[in-house]
């Protein structure tokens, strides 16, 4: 997933702890997401809850991400998430430092290391431009810039605050030329995705815009059209 | 699981994040635990990692517990554990406030409520005698008293510090006559289990004593003998 | 400060981190609070910010409380609050587990111990009825029941939710007959204080109702009238 | 405090929560530190506990730092530290993100902003090389690199792991040419200080090496000799 993978933008759908995406509904939603991705030849991934990773991973071929891993190695820990467990369940990556699960700076670096050691791809989230550059220094596979105030707002970061995306891209690139950059928060339409790609992002991280939609596949289909438009 | 269930002590095995109990090994270990429990007609349960709950629950009939649930209802949370997700994966209960995953006092009560609302049994852990009574006030199904300094020590709380168990039992009973009381920390032999039951516990919570044993089924078998001795 | 100190209800004013009660204004406000207390022969105390404890304590004779102490003994800790430091600055007590500075259950007990060892009185706060009883088990000098949803609301817990106060009093008394009980949240008038005392509280914990008032001494004066009415 | 202030290395003494540096002893120690600094014309500063800031600041002319500030503005917070309060007490700066008081990445940036808005200088600590660069991106006045495993060890980072200091200096400079760089952990002799300056640091952050010394002024005197040697 190098910097120049403009041929394959990445749509990552965070299922959060929405009931609409819990248990069997996580599997069903993942299937539909996979189908739209296949139809449009767009790379998609899902981030279901921990308890759903195994069942989702056994039903789809697309990348399945955890929403978090703890900065720990296997051992005497209770109620925490080791990357090895995510991997064993069929997960292929993980979000780290989502604004709804923020980490100590010192733990971001450790979580990236633990995830990588277990063979997981890493998407480290950041709430601000300088935080985006800061997390890029920890060497993840992807950085996701998400201004918290726009998360779930329906107002897309790529249209409401385009300078946040473009400045993040510039600042991230100055410290890490290779990391893939996603943007998120408020993305609900193909135009929002198109705008994100135009600003230099290589993909989007989206949650409620898809999961809470009446017809998630219609939203995804629109996203794929945004990607197509960008490649024309 | 009323107070007088002395006919059926409960052995709850916490898998923690041990590699020996991750992924397929969680399923395999759970099967062996189930078999010993059946042979001795002793009630056993397992608490695997979140990612393993679904696969364990689909392979055994014994109760499967989560190691933690967050004090939240479904919605826009990332990387957290809703009780509904544990339930949907086949879980029937959860640990809360384990000393390796301690909670704010205010969140213990909320977690118990969230777990109950989702149909999960609750085992709330406490590190001290007065904490044990305090958590008993939140109305869980079970309280587990575990002095952290003995966890993983191989020195059983029921033999090293019997007064902690008996005082906890007395203090818990003074505020909650119905809650089932487990004790844990350092339990490795049938004699430790026997001592715990003699002191008024209705079961034990055990982790490394079983999971890290060379032959976990032999340890469990010894535990079951301790229970039998108690009922003679 | 025994249970039956109805002859001397306690008014404790939490300065929070309000600018109106920071630095010199903390000293000035404390002086005015002391004067009203003296005029009415009502026992009052203040809880300024850490940086202001020394200067406040050197200017007034009334009890000066910290707003929090950490559950640690002196040593290699940075940026934390040891009870010894509060004491050395002239503090005579501390709040613990305020809903704006909640603690792990295990740390509440430790903080009470650390505070007592350093010679500080302890007021442990609780957000719910069962939490109030739970913290009473840790043996503090006072318990303060404060439903967080009413804090700063101007709607007094003693009038909006009198059953919370009376049920807390009953439940606390069942586990600890000696602890002094304060109630707080939304208290702004003498009638609110009167209602609190009628419900079985031995004092009130108040913040914005006094600190953010245009004339704090007028509010306090009204509080003192509420106390007088109660003693008629 | 620009990059090239090699003419004035900065010695910052963190008092932690050592009893040896609590209350009156904080004032006394600060005086002695000030005297040695004056004798050698070396710039020194102290970071006492919050409760001691006011009394220390009223007795010495050297910079007095807080050990932490919270990422909040004044208002309804209890038991937290606003920068305004530190400033009002006479503080002129603050540590942020010490490894004994680590912050969420998102809060480091906010704390720096809050401190600056209140007129405080900022020393943001980092435990690793990439964390040092990451915090430099938040624009503090100084970055302090301190490998936690050497803190309090008596083995100086500048001699045990010189590459950590030099690599940090290089990486910090690549993202922020102006920030002043301190190093810390295990510093106990003038040679340690000399080594730190040779590696590109503009000062040291030290705690137990001075505070727990039998004669703190002798240690400081040795430090000052190390600085002199560097300037020969």
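By written order: A, B, C and D. Residues from 1 in each chain.
Keep in mind that, in the parts below, a residue touches a chain if its C-beta (ideal position, glycine included) is under 8 Å from a C-beta of that chain, and two chains touch if they have at least 3 such contacts.
Keep in mind that this is a model prediction, so the values were computed, not measured.
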item: Intercentroid distance (Cα basis), chain D paired with chain A, Å; value: 38
item: Between chain D and chain B, distance of the C-alpha-averaged centres to the nearest whole Å; value: 46
item: Multi-partner residues of chain B (each touching 2 or more other chains); value: 99
item: Topology of the chain contact graph, where touching chains are joined (line, ring, star, complete, other); value: ring
item: Chains touching one another, given as label pairs in label order; value: A-B, A-D, B-C, C-D
item: Chain A residues within the chain B interface of the complex; value: 14, 16-19, 22-24, 49-55, 66-68, 72, 74-82, 84-86, 88-89, 91, 95, 98-101, 151-152, 207-208
item: Chain A residues touching chain D - in the complex, by the definition given at the top; value: 97, 99, 102-106, 108-109, 126-128, 130-131, 133-135, 137-139, 171, 174-175
